[in-house]
Each structure stands twice: as structure tokens, then as C-alpha cells.
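After this come two complexes, each holding chain A, first together with chain B and then together with chain C.
And then the complex of A and B:
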């Protein structure tokens, strides 16, 4: 049939949001910092989804990356070092209508906030977690972080970091009830956008590790990977992160990977010779903690009083 | 001896080196980071035979520090602000273990709102932890105090961890000429750590885990910590005497500046004392009989010395670089309790809150505090606590608020 369907209707949107509606203060990250591109993608995803800015809460800890809430024209919460995830959990607990975004760093999330990281994944509260992993403590000016590669010269390890770096993907995948694990490099705008879009659409805790350049302190860490795209393993699947020809041309190493296959995801994550980009794991059916934490919302005072009376009645003799 | 231009952070690093600290658990935080970075650099370049281990947070850092000290090694660590507070649970715990080590705190205000700049709310929050506290006013003092702190904390009559406090930015990042003692002299003053009964011995293994105790034994051990901290008053004087004999510098528990015939005294902690001294000099030139008292030792508080120093004075201006919401300045409350009920104590103790979040205290404000205190003495009545704040500052903040309100109103107008 040509033309419009008989039952079509046109909802006139009374509000239409543009990128400017999601922009906050002018970013103060260094020139060339990978954080800029991620912020742009976040703004675009918000616009694409036409999220009312007043329903968005951007939460962070402390670090360069944690400045993100200042750059959003939405509600924001610049927290304490390591505490981004519990802040976000608190915001979401009795306000499931809010769209919660978390910006955190490799230090903020994997080091001082490590305990929250593991538990937030298990709680699987509906939020989008973006980990800006530049393999260094940036804000405090170049100290080793848990993901600093062996040999990286930092101010705490001038002759080179010596412990093998933590693998955020295997740790994340190892947590029970994990529901969404993706990885992307900051310098491919399309992939960044598509990854964040998919992460945001997932109901549950979407964990996105963003391999992020910090040209000021550790340019050498990502230079190789940037110059040699064959080190990247592009994950493809109809349920994965959409790619296009241009992206596929850049990254010759590709693999079909069904994101529902946890074992395959773990195998990919464990292979440290290649850097996977795409959706490693997705389980849309994992229990979501908000379903518990939001029980009883909107109860009237009468209902609450009736509940208290019922409890008191149980003491009567 | 060597004389070098050092920041407070540099001086702290040198002191750990001269103290021959063996284990240095570390976690970066502004404005402390330079201390552990300096030590890390020396270690990596084989200029310091110690081990620095970066941990994942200050909580782990203090845990590791206390646990290592309990195995009988000399431990040094440093932190600041949020880091000190994040370690709070462990501060009480390791002090309860009676594990001596030295922690340098570089004072910085606390969130929220977030600030990187100095005030004393962080160190005041640790006041009741069981750590002893030495507060410094210049970079030389940081170096000296760390060496003294090891002697004090490791003394078998004390056996408590010690915090040495320096103000962020004002000391941590300010270069001053500092005498760096010869390692030999430092070792004479501070011999190797002899942990005695807390050494691990194959012949006599004992569990270091502390049992869960009921009220009576619990009270006993808590009070024992208090008594140990009180003993530190006497031990401190011995240590200071030895320090002076070795290095020629007087590092008294209570520093007095031009107090001999003073009728009015400023009392305060930390580096603003250098500005207070200058203000005292100028007020003296103008004919005011004023002086300055600066407790270096804040835990234990040298109460008897404070009473002696304040006896017969007319009025005291207490300057707190901290704020206990709902109460006011912590030092003011402490001083009042030290003086109350004793004969010949000044009856006027005026409370000033200043220097929060890195705000300066100007010389003019010292003059104003002296004026207010003298007036209070004349009126026989202390005015309510006062925040040091200028009209210009208030106008600036009001302006920012107005802009924020306008922006908010603008937002609310949007559909």
C-alpha cells in the first residue's frame, strides 16, 4: 500500500530538544583529551532519545572525567572520589523516572571505588556507566592507576609500573547478574555514539569501558593502538553495536560475536593480545534492583498509616 | 647539614628519608601528592632503601601502615582532606592497636562544597582518634616535627601513632630555606626503631587481633590510650630537649611569641601564626601589649602550659581555622574548658573563625580582632563568634547568587 496508513496519527511534540539543551558549561578538559568526544556522543544520544533535560541526572566521582556533570545542561552531582556509583544508586532508588548517567575514571571506579563497582554490577540498577579509562590518575597529575600498563613511567613509579594491569572486562564479566558490558575507543566517534546509545537503551547497569586518550600525561599508552587499528578486534552481531562500512574498513580484525554468549565474551576479554571493541555481553533479562527499591512508591498517607496500625495490632493481647 | 629551598612537601619527604622509614604505603591526593612522589622517585633511583607501595585508597593505606607498624617496622605515610576522612575508621583502629608510625596530613578543607584549599576541618575531624597531633607553622618545622614525632610515638611510655600537620598550599607548595640535618645527626637523635614487645618473634607468637570486649575491659583499654597520650606531654618535653641539644632549634609544645608582658593574646594553630607574628610586631609598635600563643602539640593538649601562659592576661582572641557547625571553633571550645575553674584566668575569650577553604586572614583583620577583644574586655562581655569576612567578599558572593538566580529563572521560563 502506498501513502499513509489509515490509522496514522500525528503526535505533535510540544517540546523538541536540541543539542544545546543538553550542554552545560564549556568543557575545561585539555585539548586532545578523549573526554571531549565522549561528551559529544552523550549529548547526541540524549537528543536522539529526546530525553527531557530535567529527567536526566549526570553523576560522577572525582577526576578529570568526573567533571562531566558540569558540562551537561541537566541535573548533576559531582560527588566524592570513588563514590559515583552509590550516589547514582541513591538517586535512582526512589526516582526510577530519572535517567541516570555515571561518569567515572579508572581510578574512581577500579581503584578507590572498586568495591562499589562490583556491587553496582550485581545490583544492576538501571543506569548508564561510562568509565573513562586513560590508564592513569589524570587530575592528580600522573600517578599509576590499576590499569596502567607494565613499564608505564608515572610519578609514583618513575622507573615504570610493575604489576600487570587489572582487566576491567574480565572483572566486570565475572560479577554475577552483570547485564551489559561494552568497550570502545574514544577516537572513533561513530562507535562511541552507537555504543553509548545501545548502553543507554538497555534497562539495567550498562557498563561501558572507554579507552580514553590523555595526551598530556600518557600519550604513549594509546598511540600504538591508535596508529595500528589491527590491534583492535571489532565485534559484530545483529544484536551488537551497529557498525558501518567505514568503521569496518578501519578495523580489519573482526569477529562475529553473539553478546548473549557469556563464555565467548569471557574468552574475548581474556585475550589481551587484542583489544575488543563492541558489545561483549548483554542479558536484557537480568533482575534489576530498582524493581525492589521502588516498591511502595506513591503510597498515600492513609495506606502508610494503615500499615503502621496493622503492625501495632500484632502487639495487642 | 645542608641548607636547601624546600616546600613543606619537600621537607616532609626529607624527614621520612632522614627517619629511615622502611615502609611507605601511599595514595595520591592534592596537595599532598608531591610528598609520596618525591619518596617514590628516591626509591626508584636507589637513593632511599625503603619500599613505597601504592594502594587503592587511603582506607587501605592506613590499614597497611598500622599493620606494618605492628610488625615492628618504621612506617611513614601522608594524606590530606578527603583522604584523611576516608581513612577515619582505620585511624581509630590503628591508634587502638597502639601501633606507632607517622602520618603527615596536609590540611585542606572538606566537601561539600568541594575545595582544594586549606583549612583545619580535616585534622580536627581526627582529633579524637587516638593519634597524637603536632601542628606546624613553617617548612623547617615540618621536617623537625616528623623526626620528633617518631621519637614521641615510638617511646614505650606512649606507643601511639602521630600526625604532623602542615597547611596545604601555604606550606605544602611554598619554598623556604630548610636546614636538612646530617643523616648521622638524625640517626643520633632518632635511633633505629626498637619495637620491643611488638616485635614478631618465632619463639613467642601472639595474636595481634584484638578481641571483642565488654564494657569494663573495653573502657580499661580506651582509657589506657588516653593515659598513654597524656604521658606524651612529659615525653614530648624530653624529646624537644634532645632535639634542641642536637640541632639547636627550640620546638616547644606551646610556642609563645612576645607574650612576656602581653595583656591580650592571639591563640591559633598552624601557618597563619607567621602572619600573626607580623601583626603582633605592628601592634606592639602602635603601643598594644599583645602576643601570640601557638600550640604545636594539640593532642595531647599541653593544658598546664596553656594555663601558665594565660594566667593574668586580660583577653584572648582565639582564631579557629575550622568550624564545627552548630558549635563554632573547636580550639575556642577546648581553650575554654582548659581555663574554666582555674584561678587568675582571663575571663574574655573571643572566638573568630577564619581562613576556611584557603581564605586569607589579613593583617588588618588581626588588628580588628585585637580591637574587638580589647572592647570585649572593657565591656566585660565576649561578643558572639565571628566569621572573618569582608563586605567586598559578601558582595561578590551575593553577585554570584544573583547571577545563578537569574539563570535559574531563565531555565524555568523555558517550556
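And then the complex of A and C:
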């Protein structure tokens, strides 16, 4: 609210936003759902950045996590199953002034929206994409998702899922022009906050896979990981996600990883014995599609009419 | 005029005009294998004629493949040009004169009923001496067959003549043929030379010169060797009013620019893509952008996203693309997002006839979404309307907060015609995005009970924050958990259509206001239908036409108009059962698409006649169909 200037005078801003300004309807997620914590972190990142709520658009698909826009006090677009990314891309196309967030899930993003996922990464449009990956379809009541582990008993695979799960990190890293890939677990609030903050600060498509608990349908899936922090590999680097002593004490397995090193990122992503947490890959210089889609904005009516006349002239006889 | 053309002007006078027979109109076709330039030849011929003040309608003959087998029926590529003294509204009936680069492609046109007894065919004769005996045999057989069919065949050494000028005749034969046609139809030579120079301007003198030489050689060859020499003088010499010549897809592209829309999101699909090609080339002139999406769904979703954010966008596609977009279009209806959807219809179902015409998407546009999804559907009848309807569509989309579908078809898409040059107006452009403060007390869907209309908050407006959702929602755009909200939302969205209907005018009646048969049509068939009606009226028949531009909601007073005729029937290019076919009776007969809608809306026994053969309707075919119904009536 206040900033001290060099002359020690106080600068009072016209508008100061509190957490309440970013809050929408009361969340209706289940008790113990990992989504609650992520929503809190999103509110905090918005407050920290003092984003005007009217300039934020939270876009989502369909699924439990896709209810997130309703819980924001900002503009929102609760779209269709799998289509969050193209809707969000369109929002940004001619409105670079808007701050676009996407909430999507493992079914929404990796399955029905798989095609858009790959291409959105390549477009690298400036938006923050949070994938809430709970390894199951929750809203439709417990069907296998692309990330369900082998053996997970669901209503579509009652004797256990049989296909090896899709690895979202290697697929994401494999797309040309990908610019920001991070992973975090929902149950460490500080890491969630720092990861989303870093993702939001990046210009381009920031892809954050959030390993998220669904205690109602598949409590067992992440139980081990929660109880045994040594299964997590904490990625550390001065250009990575900031950590502190408390976090480092929890996760004994750590690795110094330069997020500009794609080969190392791929190696970490491929290692199925440890779950990486942190920033796997970051290329702040990847071309951003908005720079093409927004060309020509702000033309006056006179200029447009001159343009259309010129176009018509080339067909005149 | 280019320097090249000026330099050669002196030679032009050497080309003599001779004495020509005066006629009112002719239909000319140029048919070749794909890649031999017949289309370029035809377009240039059409363009020259348009500039002279003639009525012109040009239709492309397009094979489905990029490199179809040579000398094959399915590989026919070319152009039909209907050239008249007066304004021409459609492609007409059978051709009067055809130039063919090989004999096999003619079978494609024969299948399409493009020729009649007495159609003159100027045929490349090099195949008669082909090194392959099979080809020589095929050629001889075909020529004999053509003669038996009553075609008048002239076998001409086109290739041999071209080789006198260029080493590769495949690249230049079309300009030689252009020269022949310009002589036969007494076209303005200087205009033709200018047009050629314009076509090859980027390639420079070394390409322009041989093409000019080929043109002149063709002209001279026709003068020396052919008896055909016509004059089709334009009603008024030269262009009277500012005029442009484009096909329908280009007109759509120009309309998008003139409407103030800044974004087209598309995925490649025949026959719609050339509209986006044009925009990709020219959109920068009005500051716009073409987004080539990863698929049809993403294309429309991108457009909806942009529209939601205040920049009404357009997506351009064809039937199979419409099928994929259905879910997102339903969301646009549900969430009341303005959007312009252009469907350049082709033959269906499924991938159907990718390059050919059909009016098959009317019912799927109207009803092809889950639940009740009312939206506006318009259909331009002419190339000029392709331009103007996009501007209207954008305005309606914003005013009524709804998707507006514009249904054109492959006939309008590739047909080329001169039309009055539009005079762009500031009021055609969209207003700048409102970013002023929104009154927090006004909900996102503040429906007016009388009209269903409501103002729309745009992201960036403080106080207007709401979450658009495809779920049933309340006025505040909250997920509706109560029993009445869904009913209210459906009522309001439907009421908007009634509100728009109240502003529509009565359609004009072409012909008398009462009579025996009223032919109702829509889309690109207007010119052919009205020409057929003209012929029937000349024969003393009491036939009139009503051509509809709004299909949803429907134009006013249709029932009243229909009631003045003994019979009302639609003529359409989509499927309907032949009432005479086996098993077809009142209980089983399936009607054409507009007929379905009209029967439903008016409760009148509206008849129909329709075919799905992938070709534009010929006036003669319509004439006979209506006559058949008339005879049964009396």
C-alpha cells in the first residue's frame, strides 16, 4: 500500500487490492481436496502482484478443478471439456492487457484436450496454466484418467488400470517452443505459492503440473508420496523456484538443476523413481504468439477505411 | 499500363477484328488437366469481359485432388464463363463453346450435363499422334463418340502452334487459348494484354513477353482458321459505376475487413479456405489477424475467447468443420457470445463432396446442437451479398449477443462476378471496446423480459466481473441450482429471435403476387431460379419466386404471401425424396431442408424439388422441374 520514495515522502496508491478482491463464490470442493490450497495461492499471487481484478480472466474447462473461475472475484470463463486452452488463447489474442489464467485437470488437459495442450505449448501465449493432476476423473465419479497409475481400481477399470500412465512432464518438454515447465505437490503451501508466482511472472505459457490429492476417490494414489517426502526430488537453483530452510528440511533429496538445461530437465522428468518438485525448464526468450496475434491493434477508423479501400481497389475494374 | 504493354501497343492494331455475328450471350468452357492453366485463362477472359462492361458469371471446375491422373474424367480442371450483353446472375445451362486440352476431361463435363447437341468443341489434336497406341486409340474412340453425341468437334494443333513460340507448351497453351477466345468473342485486345502483364508482373518482362506472343499467336490462329466470330456488345460500353470483380470467398474476406472484425480463426477446409487465404494476405490493411488453429474446435474456441474479451471474431469453415464446432457453438448460444460463423457449404454427409456445391447444412445449423440453441442464420444470394452480409452479421451478433451463421456455398465461393464497388463507411466498423466502470448492481445477464436482450460486460470493465459458464446460469452468471433459472435462460435466448424477427421485412416477390406456383429459394440459387421463373412467365405460366435471406428467424408474413398461390414449393440443392420413388408416400416422404422449416412454421403443405449432384442448378433444369409440378397441378 505504501512505498517509501527517495525523498521519504509517502506514495498512497489509488487502489489497493486485498485477498477479498480476488475471492468469488465460496468453493464447493470436497473437504480435504487439494484444490483449496492452490486457489489460496492464486489469490495470494494476485494480491502480491496487485493485479486489478477486472484485468484478470480465469479460464477453465470442465472438471472439479475447472470450477476455479467461479471462486475468483475476477472475470472468468468456465468453458467446455478440454477446450480451456483455445478459449484462453482467444481471450489473449487481441487483449494483451488482460492477465490470463487457466485451470485444467488431468482428464481435461491430457485426454480430451490433448491436442490443444500440445499446440498451446507451441504457441507459447502469455498465460499461466495450472494443471490439477489427481490421476482420476472426479466430477464424473472415479474413472481412470491418463495419469492413473497401473492397478488403480476405478469405475471404468474395476480390476485396475492396465496402461502405464502418461508422463505429462516428458510430453510437455518434448514440444517445440515450450518455455516454462514446473511441478509441485499441492500439500506444500509455500512451494505452491512460489511456483505459481514464478509461473505468473514468466511471459509465455507457464505450465505447472500440480500433483493434487483427491481424498474422496483415490486417497491411496498420493498417500505414499505424502508420507515419504524422500520420494520427492527438490530442484534447486538461483533461477529456479525459491525454497527456504523449512522446505529443504522436509525434502532430503535435492538436486541443483539449471532450468535452462533442457537435457537435464528431460532426464529428471524421465526418472520415474523420484517425483521432481521445482522448475524443470525455463526459456524466457521463446517466441510468444501474442506478438503476432496483436499486430495491427489500435488502428483508427480512418486507417481501417483507407485499408479496406485499398483492398477493394485491387479488385476494381 | 505497364511499360511492357505500352511497348507492344503498336503491334495490336495489326490484329484485325473482322466481321462478327452479334449474339446476346454465350456459355464458354475451358477444360484441361489440373495444372495446365485453364483456370487462369478463364479468369483472365472473365476479367477482360467484366472490364468491357459485359455481364459475366464464372464458375471454376475443380478436381478433388491436387495432382489427379492426367487425361482422366475425374481430373477435369477449368472454368465455365457465361458472358452476356446484360447482367448475368448464374452459370446458365449447356455450354455453347468448349476448349479442351484433351478429350478425356470432356467426359466429366458430359456427366455434368454441361453440353448439348451442337456445342462446339475446340479440341487439342496432338493425342491423335501420341507415341502410345493406347492413347491414340482412346482419342479416336472419344472423338467418334462425341460426334455421335452431337457435339461439333474441331481438332486443332494447339500444342504444335505453341511450340513455335515456346519450348514448353504445357506452360503456355492457356495464353494461346485466351488469344483464340478473345478473337472469337471480339474482346478488347489491349485490355487482355494489360491483364496478362498484370498477372505476370512479379515475374517480369521475360515471362510477360512470351505470354503476350502466345496470346497474339492464338488470336491470329483463330482469325485465320476458325469460322466462329461473335460480338457480344455490353449494354453499356465499359464500366458505368465503380465496380469490383471477386469471387464469393474473397467478398467474405473483404466483408470481414469492412465490418471492423480483427480476427478470423480457421482450420483449412475446402471450399472455405480461400477466404482465409485472402485475409492472410490482406488483413494487415485493417490491422487484423488470421489464426490458423490446430483444429476446427480450437478455431471456433479461439474466436469465442476473443469475442468474450470484446473483439467479435469470425470463424470460416465448411460442413465437416461445422460438425466439429457444434459443441463450442452451443456454448456461444448459451453464454450469449457474439460470433460470426461462415459456413461455405459443400456436399455431405461426412466428407461428402469436398469441392462441390450443396445447401445441406441448413437444418444442422439450425438444430445441430444439444438442447434448444436458437441463433441467427443468414444466406447471401449473390457475391455482393457475401460482402455486405458479413457486416450485418457482425452487427446483429453484437446487438443480439448471439452467434450469427452465414451460409454460403461452393458456387458462391468460386463464382466470379462484377458487382458495385462497396463504399466503406465508419458505421460499418465495430465500436471500440467499452472499458468504463460497470454498475455492480447490473447483472451480467440483465435480460429485458420484452426482448430477451441484455448489455454485456467486457473484461477490463471494473465492476462487471462475472464468470461466463456453459452451465445453466442465473442472471448473475452463477451456476443455477434452482429449477427456474434454466427455463428463464431458454425463454430469454429464444425471445431474442422473436425480437429480431419483429424487425425483419417482408421478402420481395419476384413476379406476380398471386398465381399457380410460388417457388421459394435461398442462397446461391437465386439467379438460376429467377431465370427459370422468367422463362416460365414468358411461356404464360403463373409462377413467381420468393428468395429468403434470413432462415432463422424467418422473414415476415410468409404465410400471407404463400396463401395467394395454389402451390408453394422450394427449389433447393439438398436431399429430398422423389415423391414418385418406391416406398415414398405421405408418411415416409422426407422433404428438402427449407421446405421442412417452412412446413413446420406455416403448417402449409409446402412441396419441394431438390437434387444433390454436386453441381450448381441450371435454369433449364429448374424450369423443367417446376413445369412438371405445374402440369400435375392443372
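Criterion: the second predicted complex is superposed on the first by the 303 of 317 C-alpha atoms of A that agree within 3 Å, B and C clash if a C-alpha of one lies under 4 Å from a C-alpha of the other, contacts with A are read in each partner's own complex, and residues count from 1 in each chain.
Operating definition for what follows: a contact is a pair of C-beta atoms (placed from the backbone, for glycine too) under 8 Å apart; a residue touches a chain by one contact, two chains touch by 3 or more.
Note that the coordinates shown come from a computational prediction; the quantities given were computed from them, not determined experimentally.
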| item | value |
| --- | --- |
| Simultaneous placement of chain C and chain B on chain A, clash or fit | clash |
| Partner chain in contact with A:111 - chain B first, chain C second, else both or neither | first |
| Chain B versus chain C as contact partner of A:146, first or second or both or neither | first |
| A:78 touches, of chain B and chain C: first, second, both or neither? | both |
| Chain B versus chain C as contact partner of A:215, first or second or both or neither | neither |
| Partner chain(s) touched by A:96 [first = chain B, second = chain C, both, neither] | neither |
| Residue contacts on chain A - larger count, chain B or chain C | C |
| Which of chain B and chain C A:159 touches, first, second, both or neither | first |
| Stretch of chain B, among 27-35, 63-71, 117-125 or 369-377, that runs into chain C once the two complexes are superposed | 117-125 |
| Shared chain A contacts, counted only where both chain B and chain C touch the same residue | 78, 80 |
| Residues of chain B that touch chain A when the two form their complex | 26-30, 33, 36-37, 40-41, 44-45, 52, 54, 56-57, 82, 86, 111, 114, 415 |
| Of chain C, residues touching chain A in the complex | 47, 50-51, 239, 242-246, 250, 254, 257-258, 260, 262-263, 265, 282-289, 291, 293-295, 297-299, 301-311, 313, 327-328, 331, 418, 421-422, 424-426, 429, 457, 459-471, 478-479 |
| Contact set on chain A toward chain B in their complex | 14-15, 62, 78, 80-82, 111-112, 114, 137, 140-141, 143-144, 146, 155-159 |
| Contact footprint of chain C on chain A as seen in their complex | 24-25, 52-55, 57-59, 69-70, 72-80, 83, 85-95, 97-98, 115-116, 118-119, 292-299, 301, 303-305, 307-312, 315-317 |
